[in-house]
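These notes open a run of structures that come right after.
In what follows, subunit A forms one complex with subunit B and a second complex with subunit C.
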Partner chain A sequence: MKYAYRKHVIKWFFLLPCLAYLIVMAIFPLTWSLRLSFTKWLATIMENPEWTGITNFRDILFKDPRFWSALWFTVRFVFLTVVIQLGIGLGLAHLLHNNFRGRNFFRVLFLIPMACPPIAVAFLWKMMLHPDIGIINTALQTIGLAKVKWTTSVVVAPFTIVMVDVWEWTPFMFLVLFAAFQALPVEIYDAAAVDGASNFQVFRKITFPLVAPIIVTIVLIRIIDAFKLFELIFGITSAGPANATEALSFYVYLTGIKWMNLGKGSAMSWIFLLIVLGISLILLSRLRKKI
Partner chain B sequence: MYKRLIFVSLISFCLLLSTALVATGEKVDFTGRTIAVMVEGTHVPVVDAWKPLWERETGGKINVIVVPYAGLSDKLWIEFTSKTGTFDTAAIPSSWLGDVAGGGHVVELDPLFTKYGYPDWDDILPAIKVITRWAGKTVAFPYDGDNHMTYYRKDALEVPEYQEKFKQKYGYDYHLPPKDWTEVRDISEFFNGWDWDNDGEIEYGCAFIAQQKTQAMWEILNLVAQYATKAGPPSNTTSNIFFDADTMEPLCNTPGWIEAFTRLQELTKFAPPGLLGYGYAEFRYAYVSGIAALGFDWGDVGIMEQYPDEYGSKVKGKLGYGPLPGARKYWDHLNKKWVQEDHQVNFLNFGGWVWIIPKATKNVDMAYHWVTYITNPDRSLLDACGIHGYTGVNPYRKSHFDPGVLGLWERGGWDPNAAKGYQKAIVDILTDPYAVTDLRIPGGEKYYDALDTRLAGVLALTTTPEDACAALYDDWVRITDEYGKEDQQRYYRQSLGLE
Partner chain C sequence: MDNQRNERKNLRRQRRIELGTQKRSPLGWTILWLIMVVFTIWTMFPIFWAVITSFKHTGDAFNPTFIPWVQFKPTLQGWHFVFITAGERTLRSLKNSILIASCSSALVLLLGAFAGYSLGRFVFRGWKNKDIAVWILSNRMFPPVAVVIPYFLFMRTLRLLDNPLAIIMAHTVLNLPLGVWLMMDFFRDLPRDLEDAAFIDGCSHLGAFFRIALPLAAPGLVAVYVLSFIFSWNEFIFVLVLGFHKATTIPILIAGALTSKGLEFWKVASISLIGIIPVVILTTFVSKFLVRGLTFGALKE
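Showing the complex of A and B:
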């Protein structure tokens, strides 16, 4: 009895730091921000928040077109980047799965973008994409092509953000898929070869089903991460031109931090969180069914 | 009895002496104490120049917190809400005072001026005194004189051959500097897309800040100031461009504002192709590299012009300076009609950087001493005239314009005549009692962000000026309601000096 009690205490003793950390760093901020989301708190001029019920949520969902346009941009961005990154990542992983001279060099090379801090990537690309003095437009002109308004056209700028994100995060897809390919059992491939399966058949019938669970996981990770798009917007376009690249997280930042509207900012964050959770759950259940 | 009187008098004398010493720059002893000074990157040369001297003279230490402009307000508001004393003084844009002072986050300075004194307060230009005050109280220290002005290339606009061709095409002689925005339009069109300075490269008509979230809204306000009001003692009808002071209804959907948007949109046709990527830094570097005939910016371009090596200036000695162009008409919002009248309105864009002391600091005396130390007439002149390079500080004291200190401007790289022209353009604006000030009410940044966003659509040609102004009107009504219409109206009237 005494031993069981001691065991019980020790168990809690080891759990306690972790629980304390969770409560202080995750649960408390979440509940605090949930409470804030039902208040009006313009922290620049108000000492304390005032309870306003669901006003913030109603205003955001029904009276704030900017919220919807930011959400729409974010959804399009997430869809495009994740699809492109998955496609390229899959292709690269498949390519480098085969043995060829210099394979290790390319493996390291493809990982470099992911190792760079996102804000550094943003400023690097901002310089390279500058319409007048950027190296990319200079190169285009050198070969006789016209300058592209990478960051100053409302049509092109959203795709520029997609392009940079693809450059930065495709290596993540590649890395995980490459590891998955490496771990696949050789025997099945040998059997397929004996049966005379083509490369495409092997990929479709063997490789893809085997790595599908991994794909689900990394697609989800990337979706959640892509929804949090911030640094590229902050560093490259500042949400311009004409708010064409304003992501939801950037709008939340403006509302909550820049304008110190902490009540509305918190409400927006919660809506954002619920959207990401909802999309993740739907995707997870659908993909699971397909697997 | 006498002993007590003598004792009290002695103590009072010592206290008075110690406070006077803080202000007069006499010996003070801050040994063992440290203050944190927060500045945006541009002002680092100022801090670097005076920090060692101040530390040597006072025994105190300075911990410099450098933040980029984009992160400055974040840092500021985190401190104001958490009250942790992260910094003891900070240089901020005066246009933020609506929130900063309106929220009661900074130390009121009038009592400190009385207590410590202030070095040559009468030396501060009138417009700069205005921007340091909020709701009748002095809440910030003067540090910088900021206003947009016109820059023009003398090697283009003063060439007789070009002037003759211009007259043939447009039927009139333009003024130097351009008198109104109609002349700006024509000059920009005329000098656009050809190599008028014979350097082998194509030049453009005009350039200005146009990138979203990089202060482009101040460019449109240059025009709004001309088309939405006329100069006069600030009232509902004169030197007032943002709201109807009697009803708090936004004026941004009036024909005066729409005219301003329309004209700025048209100017994009005569600007370099990368215009929408021009933040203030990009614009300044591009303009001093010689890309355009006309430019509209703060005094910083004039300083950068003097430094071919540091800033790649190819226009040293080639720039002319002037006030903002005026207009041939303005919209009378009370009588709802255009008034045809040649006029010009000065606008204190940004107003200038100012130093504030947050309430949470425990080092008010040190912060006060530091700011008055670096902004005294002699030291501030060295920051403003170019001797310390590009510091972000433009002249703001009468003594900065004194003919007796022209030699220092020459040491700052200026040609004496150029310096005189530059000084005149600035001093004319900063001594104008009717100059329009920035919007200085709570939520100022939010109002300006809405303006910036709508303007971006117009400059990118995705929105018409009419639609942009209508949408901006809705934005501003929403923001006003959010902050409370009555309070905002009271603050706005106070900012105009009507209450």
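Showing the complex of A and C:
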């Protein structure tokens, strides 16, 4: 009896510090920002926030084309980068499935891009992509091709951001998928071999359906992560040229922190949060089933 | 254990033979390796280029030359600038980075190990273990930029702006969900019997936790600490908003390296490498866990 009671106390004793910390440091700021989102507060000129109801939300959603263009850029970016990463990752993982010697070496090697500070990645690429003296354009010129305005052309710059993100995260897709392939049961493949299935049939009918749940999970994870895109924009293009690469998180940062428009910034944070939360809920409900 | 592994290995070899993949034609092998080599070069080139550039003279930095001593004369100009000329700022950032990353990771470890043990060992009713764990994880999914405004105000009220403590607190929130999930997994995989035996011998719950469960989970503790160290080291937005002058870290130093004035690539390269080299070294120690960490602890590699 005493033992059971102590058990009841002890489990909360262990859990509470963590819950308390998260409530104070995560839930409290969020509710604070929700309250602020219904106010007007230009912190550079106003002492205190001024209640304005839903004006901020109305302004952002109906009167702010820049918000919509930032959202549109972010959505296009997320879609493209995740599709390309999944394509290359899946292709490589399938190609090397069963045939991969020195995989521990490659595993460590491929971890490097994603372990680097994203801001360092941004600046390394910014150096290489410099329109006049960057190594990439110099190399292109050497082999007789035209220079590309990687960061200064409205058309090319969004794809440059996608390219760098693909560089950073494709190895991640590859490693997860490769591990998933290796964990598949051997017997099914034997059966397929006995039945004389072709390589492509094996992939389409066996491998792909078996790893599909993992693909869904990592695609969701990458989508949520890709929405957070900030450092690459900050480092490589600073949202330019002509706001062509302004991601939602960067616009939120400009509005709320740089321009100190705390009310509008909070409202935009919440819209952003709700978008990501929608995708997160799908992922969370999948993860909930797994534990 | 070893037997099982051998068996798996054999089965895999058999599968290769039966699928005919082992008897790939020489052309097939060549293409396979070509793809692998191209992908490796693509992945490694930016890092390699940064290393090369950091040893170049101002004039050489723009040339497509690759081999030191043969194609260009290496110099320590960049490194001299970073550690001597601008040494004070670099060392301050380095000190802050280490302080913030190690303190916030310690806090993550402490809170995460407690909560992970609680969720991995005990049964919660009503609000079930699953619900609590998922709620904790949901905190990791918020875009950081969406909470920086209240953080900024919060820290201003507490007069902690430009104080490493504010960043430590922020990074702890960021990494805590990961810590809880990884520790939960580790404790769940540990056998209960040892703790039960300890109870029978009259050990208290706290005693069992500290003397038995925690030492057994040591590999997990190391993984959580190193992972959250890496993520805190790399984090940029919170430091950008909460620290201006005194509490800057390496990522901020990198962001300030490319001034409008100069195309001093050697400087950018060497400062970036200061940020990259420590995490790459740490990564090799936790290579098995990094992917797990990046998937919020959801996928085991």
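Simple rule for what comes next: the second predicted complex is superposed on the first by the 261 of 291 C-alpha atoms of A that agree within 3 Å, B and C clash if a C-alpha of one lies under 4 Å from a C-alpha of the other, contacts with A are read in each partner's own complex, and residues count from 1 in each chain.
What we mean here is this: a residue touches a chain if its C-beta (ideal position, glycine included) is under 8 Å from a C-beta of that chain, and two chains touch if they have at least 3 such contacts.
Source: prediction; values computed, not measured.
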Examine A:Lys149 and indicate which partner it touches, taking first as subunit B and second as subunit C; both and neither are also allowed.
first
Report the partner of subunit A that touches more of its residues: subunit B or subunit C.
C
Which partner does A:Trp270 contact after superposing on A: first (subunit B), second (subunit C), both, neither?
second
Now for A:Trp259: first (subunit B), second (subunit C), both, or neither, which partner does it touch?
first
Contacts of A:Ile223 with subunit B and subunit C, given as first, second, both or neither
neither
Tell me which partner A:Ala179 touches in the superposition: subunit B (first), subunit C (second), both or neither.
second
Which of subunit B and subunit C A:Pro118 touches, first, second, both or neither
second
Quick one: classify A:Met25 as touching subunit B (first), subunit C (second), both or neither.
second
So, A:Phe234: does it touch subunit B (first), subunit C (second), both, or neither?
both
Check whether A:His130 is in contact with subunit B, with subunit C, with both or with neither, and answer first, second, both or neither.
both
Name the residues of subunit A shared by its contacts with subunit B and its contacts with subunit C.
130, 133, 234, 257
Okay, in this complex, where on subunit A does subunit B touch?
42-46, 63, 130-133, 147, 149, 151-154, 234, 237-244, 254, 257-261
Contacting residues of subunit C [partner subunit A, same complex]
8, 11-12, 14-16, 18-19, 21-22, 24, 32, 35-36, 39-40, 42-44, 46-47, 49-50, 53, 62-64, 110-112, 114-115, 117-119, 121-122, 124, 129-134, 136-139, 141-154, 169-170, 172-173, 176, 180, 184, 199, 205-206, 209, 230, 233-234, 236-237, 241, 250-251, 254-255, 257-258, 263, 265, 268-269, 272-273, 275-276, 279-280, 282-284, 287, 290-291, 294-296, 298-299, 301
Going by the contact rule at the top, pick out the subunit A residues touching subunit C in the complex.
3, 6-7, 10-12, 14-15, 17-19, 21-22, 25-26, 28-30, 32-33, 36, 92, 95-96, 98-99, 106-121, 123-128, 130, 133, 135, 138-139, 142, 167, 171-172, 175-176, 179, 186, 189-190, 193-194, 199, 202, 214, 217-218, 221, 224, 227-228, 230-231, 234-235, 249, 252-253, 256-257, 262, 265-266, 269-270, 272-273, 276-277, 280, 283-284, 287-288, 290-291
Using the touch definition from the top, list the residues of subunit B that touch subunit A in their complex.
70, 73-74, 77, 80-81, 99-100, 102-103, 211-214, 272-277, 282, 286, 442-443, 445-446, 449, 453, 456-457, 459-460, 462-463, 478, 482-483
